[in-house]
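Both of the next two complexes hold chain A, though its partner changes from chain B to chain C.
== the complex of A and B ==
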């Protein structure tokens, strides 16, 4: 913004400086990690760089050298995939269901949302205690999955509400008017129109699960997910392999997000939202 | 299809629709008959219940009480697809993820018609609305007018006997609106089916419809031919809403033959035809007066001409040039809007400015009596009587 004289007010420079600091704070540490993950064979955990190599990435795929990175990565991907599918199925169904104002809808909604407010570590603790009481072993695919869903479902439902809030119900009425049955309406009209939002819900489910720590740490049982494995590494691995893990997971998250947002953008473009309507 | 199925006569019988218990009904014990093959406009301000009626005929809303009959058959509890109706939605509700062709063919796809057959039929309809070249476009890539034609083609593909149009022209700009309303009328004539068109624009209703139904607060104020609605509104509400005529009113002073002389709130004397109707002296009666039958002249200096009958004096409040005539709004001091539509050539012979004092005169034959009545004599009436 410029004033009439063309000069920017002093607040512009203040806010610009603040924003620069924020960006540095946000990306600076991560950049350091990416650079250090290419540390030379004799380099340490800090600068200076002692040459350049990809040996720390090689170390990741060899079991034993720096924990079970490959195994935990596989577990995390599988868990995130299951969480994504369940989150999408449950949140889409719940979001559509909440459009009817049934008795107790508000109470039910607050019950769901309340788990966002509870400290995650205690949710995990509670679940693991519950498993102990029932004399069951905690396992990443059972108690871990449940613990993560307490986090992704309320989030997914909130996103779904936003998605459905913008959905014009006259599309469904038009379909009904043209003779579509309830199932045909859902398949031919409602779901395709909501698809970009549904992909967004899935994206949320995936990244929330893939990154989850607080709820998973006490419920994963004997085998670690990736965040737990990395956490363990920070205490006992003293090589740049730790940084290599950071670089690899960032690249994977980045691709998931690019694929997700890219497909949303593609759908929107196919529907001609960027084409002038006159 | 047999003749009875093709019959698009609509009967709305004692229909009430209440959305919230305790709240005033959206539609209140309403009866309406629309002949097969006629073009009917439901006209009224927003919230008058016109869209609710339309949606109940379409089957998207169920009456709280009463019945809906189409072609003599009670359809109150039938789903839309079994009614032989089709609806064109406000802002069209074209499916954004489907091509124009798929949108038009949608109803046939739902009925299990093969791709080749339904596409052929859809292309035929697109040709009718001159959009065959746009078959593979998406709705967002069309202009508002083109979208409207796609919506029309999509609604007509099942050969409905009744087409229900919810504010079909409100999403268009003025130029297209005028063109498309003529087009709608032409299509209706060509197909010979019943059209029910909801609008809040008076001139739109009068321009396209055979029958205009004026509604207010869930009830019908008047249902009549477009010409009668304009020329012979029943009561003050319809007269004010349609706007082609002024409402004039006064307390009856005397009755001679079929004519009553009444004194207005500002003391002017007007004549109203009462025919055989018995009116009491002191009773407040209302009339409608055609705006295009009023002569307006400057009031010369001095007091207003009290002795004139069928005349009203006041200050010019607004002047709007409408091209072929000039709309002169006169503030007569009684709160009722009084408008004279003066022929442009007469007006510009001796133009009047805002704030000028004028006298408006008219002939008694251009006044029609309205149904409104108020027996309670007001203070002004007592003084005049």
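== the complex of A and C ==
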């Protein structure tokens, strides 16, 4: 909102300052723990830095010192990968399915929303009780996987709605007029156009699963995922090793985010390029 | 071979419906059923008793827990609304370049894709007795003694909630504001409306659906939380769910289930109340 003379109003500078403070508020504390995770061997949980070392990272790799970090890390990555694949497949299919009216659409939609806003620990409680009643053991790959899907699928579906909302169906009709079969239309027209959004669904699937706590805590069974392991550390580890875990897991998250957003940006740019050159 | 549209709809929807029914619908039913069960030291005993609800309603603790949770929800709601509205307003109406707009929006959303527990823990070196905040206050002679109330207090709980949940306010309000026709604002200005009048008469009413959606997210997240309250209050405050998770740890599943049922009803009433004030679906459809 510029004034007629092109000068920015004073409110712009107020709001820009407010926004900057908000960003500092978001990132400041996180940055501090990344720095503190390189604390020297005798350093504590806060500043000043007592030297500089990677000792707290080494401690994570050694078994027994602070729980089973390495094992829980492997489990979390595998689980997140499975959740990502399932979330993408199921949400893309469901998103396309919702374009047609069908009986029960409203009921399913309410189920999705309820699953999204339900406190996670209740979902976990219900699943673990159900397993108990059926005399089954909870396990991160079965009950844990199911519990996490009740969290990632609603998010994925909402992303798909947003993506499909902007999709122009006349492309599909044009393909049909040119004689493409339903399968060809899907594979060569619809899915490529939706691809950036589908990557977005996968990004949500991975990051939400990888960091999930409330739904997993009662459903993971005897072996922990990484967030559960970190949760246990908050109560019994009072060394910068806790921050070192934070640094490592955030690096993984950032890596995944950069790959996800980067490939979306790449596709969009190539697309803009192709349109321009034709 | 041609698949009928109804069948292909169900093939596409089926997997999602199946997983949500098996891992969400049925478990919720199980919670309701178990809330009427009896229990002893080792296991839950199928029965139909109302004792779990009786105990819940006859204890003063229940009311105290709800008041505490609702207090947190209200305070966090007010702060996240103020921040979320201001940030969204800045991004939508003051940042002109689309690329910068997307960039700043992503800057706000990236932390959402990282671990909540780590983001919460990251306040500990900041707010502690010898933490950065106190070090700065003492170095600048604002206080001579470190402030004790910063960490392991209601204050710390609220800071962590605001840190974790503000994005849930920013995104829906941003979406609602982005759909406002800027010609409306131009027209109002031409007719002599002040900046404040534009905000009150145009932007605020047209952002209602976003505010309502953000409110639902923030309120349900705070009412359903237990780990922030546990860690950041240092065990001094409790919430409905933190009490419930203690019961689960003591294997008292039926009372925990009863407590869960009541909380879900309370939260649903709150959401219904919000939807009564703002018809989100009507607003979204228009």
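Note that in this section the second predicted complex is superposed on the first by the 251 of 278 C-alpha atoms of A that agree within 3 Å, B and C clash if a C-alpha of one lies under 4 Å from a C-alpha of the other, contacts with A are read in each partner's own complex, and residues count from 1 in each chain.
By our rule, contacts are C-beta pairs under 8 Å (C-beta built on N, C-alpha and C of every residue); 3 or more make two chains touch, one makes a residue touch a chain.
For clarity, every value in this text was computed on a predicted model and none was experimentally measured.
S.K.: So in the superposed three-chain picture, is A:147 touching just chain B, just chain C, both, or none of them (first/second/both/neither)?
M.R.: Second partner only, chain C.
S.K.: Of chain B and chain C, which one contacts the greater number of residues in chain A?
M.R.: Looking at chain B versus chain C, the one contacting more residues of chain A is C.
S.K.: Does chain B (first) or chain C (second) touch A:211, or do both, or does neither?
M.R.: In the superposed model, A:211 contacts chain C only, not chain B.
S.K.: May I ask you to decide whether A:175 touches chain B, chain C, both, or neither, giving the answer as first, second, both or neither?
M.R.: The first partner, chain B, only.
S.K.: Looking at the complex, which residues from chain C come into contact with chain A?
M.R.: Checking each residue of chain C against chain A gives 5-6, 8-13, 15-17, 19-31, 34, 44, 83, 86-87, 89-91, 93-94, 96, 104, 106-108, 110-111, 113-119, 121-126, 128, 130-132, 135, 163, 166, 185, 195, 216-217, 220, 223-227, 231, 241, 244-245, 248, 253, 256-257, 260, 263-264, 267, 271.
S.K.: Provide the residue numbers of chain B that touch chain A in the complex, in ascending order.
M.R.: Result: residues 58-60, 79-81, 85-87, 89-91, 93-97, 106-107, 109-111, 137-144, 154-155, 158 of chain B touch chain A.
S.K.: Going by the contact rule at the top, pick out the chain A residues touching chain B in the complex.
M.R.: Residues 168, 170-171, 173-181, 184, 188-189, 192-193, 195, 267, 270-273, 275, 277-278 of chain A touch chain B in their complex.
S.K.: What part of chain A is in contact with chain C in the complex they form?
M.R.: Per the stated touch rule, the residues are 1-2, 8-9, 11-12, 15-16, 18-19, 22-23, 25-30, 32-33, 36, 45-47, 89-91, 93-94, 96-98, 100, 102, 104-105, 108, 111-112, 114-115, 117-123, 125-127, 129-130, 132-133, 146-147, 149-150, 153, 157, 203, 207, 210-211, 213-214, 218, 227, 230-231, 234, 242-243, 245-246, 249-250, 253-254, 256-257, 261.
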